[in-house]
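Two complexes come next, and they have one chain in common, chain A, joined by chain B in the first and chain C in the second.
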Partner chain A sequence: MRIAVASGKGGAGKTSVTASLASIWDTPLIVADADVEAPNLHLFLHPQIEEERYCGLDVPRLEITRCTQCGLCRDICTYKAIAAFAGRISIFPDMCHGCGGCFAVCSAGALERTQRELGILQRGTVLEGRVRFLMGRTRIGEAMTPPLLRQEHLFLQEMQAVLPADILLDAPPGVSCPAMTAARDVDVILLVADPTPFGFHDFRLAHQAFLPMHKDVRVVINRAGAADNAAGDAAVRAYCREHGLPLLAELPFERVAAEQYALGGLLVHLSEQWQQRFEALRDALRQPNVGATVAQRPQEAHHA
Partner chain B sequence: MREIVVISGKGGTGKTTISAAFAYLAENKVICDLDVDAPDLHILLEPAIRERHDFISGHKAVIQQDVCVQCGQCANLCAFAAVQVKEGRHVVDELRCEGCGVCVALCPQKAIVFPDSHCGQWYVSDSRFGLMVHAQLFPGEENSGRLVSLLKTEARQRARAVGLGTILCDGSPGVGCPVISSLSGAGLAVGVVEPTPSGRHDFMRIADLCRHFRVPLAVIINKEDLNPAEAEAIAGLCAEQGHTLLGRLPFDPVVTTAMVCRKALTEFDNVVGNSLKDMWSALQALYPGK
Partner chain C sequence: MPDFIRKIAVSSEGPSLDDAVDPRFGRAGGFVVVDMTDMSVDYIDNGASQTMAMGAGIETAERMARAGVQAVLSGYVGPKAFAALEAAGVRVCQNVDGGSVRDAVERFCRGELPFADAPNR
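Our next item is the complex of A and B:
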């Protein structure tokens, strides 16, 4: 089973949920951080890194002596990475998306493949070796994240081929290309909903973004029961009911939870009750999606 | 013209809350929501939309089945594995298509069309706090960086046209394409950091990015009392790297309460809002308008 933990809004609690779920997963698991612009999972799971791979994107380099200045490479490049100034071809490798069109049309053999560094992938283990770990991290100044995410996905497949396991993916926030790229190869998307006005708005955007993928989308509310926000909690519940999204759990708003996170600790270690919440969430994730699931209501929601 | 961009690296640290608080205080400004992927500022500012424009950017390849001879050349050429065979027919998976047009140009049958991609909408509005330029990328769409650039260009033009001296931008999370576009042309970045392992880690990446693009960075530590030791460490990092520390804010439920009431924190009397007023004054001194 492959699960992506996603959210529209950043800071909704993806990484907290992923780290705690990983720590109580009781079958073989690979946990992966796909938030390659701002990866954080390693800060909570402290991996032993065993392998690093630098990832690059094939971009063209002009061998000027062979170039006939025919301009075909410039014409096929949608991304304006190849331009002609005063009739001479120039290449801007930072703009290249790696589509390979220029190589395909250059009959003079004047373009050579070189690599632009995208970032790094790191493989290792976490939780005393019980769980395998993978993370990606973009190079600072690199604008494009989907190519690195695609290479991370291939690496994950490699790891799964070595030893089959469930996959838990900490997805990038938002609803545009990085989030979509990370989520398209999973079986279940677990949306972490923050019930504040901002969070609810972004949660709905995320749900709409994932709709065309026809995925099994399920929901966990994080920080339910905050003071003055009963209407926000109710709005998320109502949305889930209306759209047939199983609401698997509600994690309560508690100052101790925010502090635990700030100290780099796992929510699952806060108390027995927190551990039970995550065990229930794990078990609910394993159930086939048969329509609405009754969620557990937080019992200590007003401590904040 | 002054351009101030509020960023954070990590999401959920309080960018939009702080942007709104500053937007209430700033004079003669255009407000710009550059988090085009998941914009939230409009929830507090209740803009009345004055102009609505389509954002057309890029293309998507579509194989015309009545012309296609199923030769498979497109699938061989596609670097993004977007051409798939379904029930014996080559079709483009829209979610994987990057709009490069290689298949369109090189299809021997010329069977592939390349319509414009309508990726979102952008707006010019009158908000409670003044002129606002904002957008909504359609869910799952691409080209967020281009939309950010477009919004900034529009904000500059509008500011110039009516003689407004400041552009105040709510940035997007991360360090990738939309954030890089947000920083382009900015005179000052305000980094909102929380004292958590993730907050510090992502802040350091954003600080590297600002250095890379030579944009000065001022810092606000939010929710500082969640981990005072970490807050100290971040303050130390700022001193070491030469970033101005504008101030620190406590973890206070008033932030959620204000959001629920659709108010900026500086609009009413409260501890967090009052600190933000001091920080806005400090920012004025640091980056004065002309």
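Our next item is the complex of A and C:
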């Protein structure tokens, strides 16, 4: 099964949950960091990197001597990567999403393919070689992450072809293109809910954003039981009940958990009790979600 | 004022010389276009670019080129918009923030708004 660990708000606990789950996964697993703008899973899992791949996106370059100034490439570009000033074509490669439309409509052969560097993908192993690992890192200055995420997805498929395994994806935060792109190809979205007012607000946003994908969405509350926040915990539980979201686990708010995180340690190693919590979460993830909407192929996200 | 300037556009919150300058270029509400030869005033709505997810600056630059202006007066012009205006041969006077469109045009005429050679955002 393929699981994306997602959240609306950043800092909800996606990486902590992903890293601890990976360490107690007892069947073949690939764990991947899809937060390619700010990857941090490697800080907890310390991968042995075995392969590094450069990723680029095909973008157009104008061969001006062949351009007939017909303007078709400019008209087809939804992203304003091609502009025309008094008929003269100008290309802004940073804006290009790599759809290839301009190449298809240029009959004069005035557009050549060149590459914009997106970032890198790094493959390796973690947890004494028991778990395979993949992470992406966006080039500094690159504004778009979905093209790199799509290449990360292809790399994951390649790794699965070598040896089938479950996939655990540390998804990007937020509810925009990166989060949607990462969640498109999974079976289960595990939403980590932070029961603070901000966290609850963004958790609801995330649930609503993922809703049109018709995915099997499940929830884990992180930092439950904080002093004076019973109402926050109750709000998340009530929302889950109301929307039929299975609440798989509640991870308690404890000072030792924050200390463990700050030291780069895994929550699952804190105590027997913490280990049991993650084992229960793992087992609950493997149970079919009887109330879940039947998964459908998601539609192409806008601007992705 | 250099003599190659015949028309200028000022990013504006409304259609007249008395409206406030909109400090944004790509996402400006509109542009007051002033014909410097007879000081006649025209208005270009920029609402379509305001709602774009990306590429507002480039589209607005195209709009400026079509309007036939030689210079744009605005608050903040981003790097892509700046490159687009450069490609279009439109000069940029930036950091025009606060005050009315009329104030901006008068400052331009007095030579108080230099042409920028790099974006300020």
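Here is the rule we use: the second predicted complex is superposed on the first by the 288 of 304 C-alpha atoms of A that agree within 3 Å, B and C clash if a C-alpha of one lies under 4 Å from a C-alpha of the other, contacts with A are read in each partner's own complex, and residues count from 1 in each chain.
In this section, a residue touches a chain if its C-beta (ideal position, glycine included) is under 8 Å from a C-beta of that chain, and two chains touch if they have at least 3 such contacts.
The structure presented is a predicted model; accordingly, all values stated were derived computationally and were not measured.
Legend: residue contacts after superposition of the two complexes on their common chain; A:79 is shown touching both chain B and chain C.
Of the two partner chains placed by the overlay, neither chain B nor chain C lies in contact with A:128. In the superposition on chain A, contact of A:173 is made with chain B only, not with chain C.
When the two structures are aligned on the shared chain, A:142 is found in touch with chain B, with no touch to chain C. Of the two partner chains placed by superposition, only chain C is touched by A:90; chain B is not.
Between chain B and chain C, B contacts the larger number of chain A residues. In the overlay built on the shared chain, the residue A:272 is in contact with neither chain B nor chain C.
Once chain A of one complex is fitted onto chain A of the other, the partner contacts of A:213 are limited to chain B, with no touch recorded for chain C.
Residues 79 of chain A touch chain B in one complex and chain C in the other.
Those residues of chain A that touch chain B in the shared complex are 8-12, 15, 37-38, 40, 43-44, 75-76, 78-79, 97-101, 104-105, 138, 140-146, 150, 172-178, 180, 184, 194, 196-198, 201-202, 205-206, 208-213, 226-229, 231-232, 255, 258-259, 261-264, 304. For chain B in complex with chain A, the residues that touch the partner chain are 8-13, 16, 37-38, 40, 43, 58-59, 77, 79-80, 95-96, 98-102, 105-106, 137, 139-142, 144-145, 172-180, 194-198, 201-202, 205, 208-209, 212-213, 223, 226-227, 230, 251, 253, 256-257, 259-260, 262. Every residue of chain A that touches chain C in the complex is listed here, in rising order: 79-81, 83-86, 88, 90, 92, 94-95, 302-303.
Those residues of chain C that touch chain A in the shared complex are 52-56, 58-59, 61-62, 65, 80, 83-84, 87-89.
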